[in-house]
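Let me begin by presenting the structure, written as structure tokens, before commenting on it.
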Amino acid sequence: MALTREQIAMRVAQELEDGFYVNLGIGIPTLVANYIPEGVKVMLQSENGLLGMGQFPTEETIDPDLINAGKQTVTAVTGAAFFSSAESFAMIRGGHVDLTVLGAFEVDQEGNIASWMIPGKLVKGMGGAMDLVAGAENIIVTMTHANKHGVSKILKKCTLPLTGAQCIKRVITELALMEIKDGAFHLIERAPGVSVEEIQEKTEADLVVPDDVPEMKF
Amino acid sequence: MALTREQIAMRVAQELEDGFYVNLGIGIPTLVANYIPEGVKVMLQSENGLLGMGQFPTEETIDPDLINAGKQTVTAVTGAAFFSSAESFAMIRGGHVDLTVLGAFEVDQEGNIASWMIPGKLVKGMGGAMDLVAGAENIIVTMTHANKHGVSKILKKCTLPLTGAQCIKRVITELALMEIKDGAFHLIERAPGVSVEEIQEKTEADLVVPDDVPEMKF
Amino acid sequence: MSGFDKVVHSYEEALEGFTDNMTVMVGGFGLCGIPEGLIEQVYKMGCSGLTAISNNAGVDGFGLGKWLEKRQISTMIGSYVGENELFEKLLLSGEMEVILTPQGTLAEKIRAGGAGIPAFFTATGFGTQVAEGKETRNIDGRDYVLEPSLTADFALIKAWKADTMGNLIFNKTAMNFNPMMATAGKITVAEVEEIVEAGELDPNYIHTPGIYVQRVIKGNSFEKRIEQRTVRA
Amino acid sequence: MSGFDKVVHSYEEALEGFTDNMTVMVGGFGLCGIPEGLIEQVYKMGCSGLTAISNNAGVDGFGLGKWLEKRQISTMIGSYVGENELFEKLLLSGEMEVILTPQGTLAEKIRAGGAGIPAFFTATGFGTQVAEGKETRNIDGRDYVLEPSLTADFALIKAWKADTMGNLIFNKTAMNFNPMMATAGKITVAEVEEIVEAGELDPNYIHTPGIYVQRVIKGNSFEKRIEQRTVRA
């Protein structure tokens, strides 16, 4: 069975380590915060100027001056710090954030990622995504493996304008966890009940499949 | 009569305007703070991270964490701010300081200044001087016109390693106030009782002398 | 009156000298920490041909969205269009020039402008549209893009509190782009919620020293509209 | 124990992994805001071949002056020799390599190193010895020098207060180079006067967020020697 959005987030959350500073993008990445493993403490960085993002506020504690990068009202945890956008991206660009999780339209086997525009159709702007992919040592991309017509988004070469070049090493989709190295995707884990064949079918890129592909554990 | 150090400082102080942010170097420039004209308020910037430097502390209020760029214990005035060295030089380099006053070993008619080392003999380091001469829109150099042997320090071309190239426009010595333009010094004012001839004699550089050279007024 | 009293008492005075075709930075991230009254005043004045530098362009009908309505902006430099339909329309139709800039690069370009750094290298955007036409260089095995800095004729920013000398503090994530923009405007105008006497802000915790700020105005009122009102049960 | 508890309880622990031939940044301006105990510990350990990055090199017999005594530094990057006779002697004799760097350029090189900017242009030093061998460029009619950034294996800094998570605040002009160095060390060790619980420092006024700080140690005692004791009557 393909993973739900929540299950993708759960699988990503297994990559978190105690003491990590983490930046979670909009969409599925945001959900990761709900599945932080027991005994693991992480600090969430929000690129609009907050280290130590907490849960949503209550109606009583809502504060328009306290939002996250998705413009959602949030809270700050104990030990948080506020700072400017320049300082925030100094952290990101300077490689101080341990893990970044973000979504994508397409990724390819060279490690390129496209996530910010569809020419002539959709222009949301890159926001902080280009800085995040250039700056974070450790990036996980969460995305769907193919579009609703079954067309693969795991490509030999991205077709959309890039967000970053040769920067992506790990991708988690509803079907698989893959690593990119030596110009190919490597299948590391598959979603429970999903066959290697289905993954191959939905992957346009070169896919290296080892003899044994374990199922993800939750 | 040649000006005393105090009189040089007094003449410089006449250049201060109400609302100026000013950086005063070590030596004669420091004395300028004692002669700020009535009705004129200035804020003194100290490049180690203080905007709004005040007078020396009393024995009771002395604080080792509060010093100026000359490493002297000082105080902070009402409305002062503390900040990092990076922020401090952002102010300086970014041209936010209205006036910088600093000393020199030599200046020349191209606007070059040498103030930080005498090869093989004296190396104090440039400290913030190179940044100050490159960043301040408005620089006044205070210095003695010649050394104790009568050798001019107002030169056609500096002989010592430069602090900055083509950045100096105004020089005040114990003998004269001069401006540098079009590759020459221009005599603007002379110290009371000092003859144009004496100034010419002690100036190695090309010196443009107008018909009338007024005396400085104190 | 001291030369360090930066307080002005009307939006007209706050924006004296602001004209058509100027370059203007506007603080804020989304609708958080924007100088609402100053934006409104420029809208009223109707100045056009503006080059606006701001992370976002407000939303339809609020913030910089109002300048878009009146077509006051000829060039927009920002990182995110978001849900602003008019912005997206003007961009796609080419009616307004839009220079989309990565958010961190935008923040750093503004900081650099204020700090007298004319250009710097960054890895952000290498190999993408952002790097097109720009110098690139490999330094110690990594590829970088040379980015020029940004300055502006006016910087319109929002702070929480100011003292009369223009020292500023910001509140929480309403800080965002405001401190860098304060340094990069030839004339920086800070719209604030409260003005206190000099000396009331602790000199150790001032976010923006007064040297960067030319004018301070107490805002009439702040709507502080929320874009994504999210609460827990 | 949480992964965010940065507190260590001995200078040995604070400097674990510090070895010969490393590059080390040391905060402070003159003797103001220097990590006295960490400097002393490196002196005790006797590590040599160090590349030290610090605005000054202490005074004879105190601060980095002690490292000079033991000839622990092979390359010194700083802006000011000042009245430190041994420093001047080692420089003039060539016994120690000294890279004199304008103070503002030094501060910016360190900030850039921490912020992932590998190089930037500055007008400072153009036409002087500082620019020799460096790329220069005329941008919009002004000449600039390209300066590469600096990073270090260890950054040894001094702060006023820390919380257990490594958030720092500095006191007055004892801030100086410390915040930038905190960002540029692979391992940043902060020696502080007081450690408080997380949450006790106001998140709005933290000078250095804990993400930059790997270890925090409460200093045994601070002499805080004054170089120029000036008082008024």
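For reference, chains read A, B, C and D in written order, and residue numbers begin at 1 within each chain.
Keep in mind that, in the parts below, a contact is a pair of C-beta atoms (placed from the backbone, for glycine too) under 8 Å apart; a residue touches a chain by one contact, two chains touch by 3 or more.
Being a predicted model, the structure only gives us computed values, none of them experimental.
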Between A-D and A-C, the pair joined by more C-beta contacts: A-C
Distance between the centres, which are taken as Cα means, of chain D and chain B, whole angstrom: 29
Centre-of-Cα separation between chain D and chain A, whole angstrom: 35
Gap in Å, rounded to a whole number, between the CA centres of chain B and chain A: 55
Contacts with 2+ other chains: residues of chain C: 108, 111, 115-117, 122-123, 170-172, 203-204
Overlap residues in chain A, where contacts from two or more other chains coincide: 76, 82-83, 89-90, 92-93, 135
Overall pattern in which the protein chains touch one another (line/ring/star/complete/other): other
Chain pairs that touch, as defined at the top of this document: A-C, A-D, B-C, B-D, C-D
Chain C-facing residues of chain A, complex: 46-50, 55-59, 62-68, 70-74, 76, 82-86, 88-90, 92-93, 112, 120, 123-131, 134-135, 161-166
In the complex with chain C, residue positions of chain D that touch it: 108, 112, 115-123, 139-140, 142, 144, 148, 169-172, 203-205
Of all residues in chain C, those that touch chain B in their complex: 2-4, 111, 113-117, 163-165, 167, 183, 198-199, 203-204, 206, 209-212
Complex interface listing, chain B residues touching chain C: 17-21, 40-43, 45, 51-52, 76, 78-83, 87, 89-97, 135
Touching residues (chain side chain C, partner chain A) in the complex: 29-33, 55, 78-82, 88, 91-92, 100, 102-108, 110-111, 122-130, 143, 160, 170-180, 207, 224-232
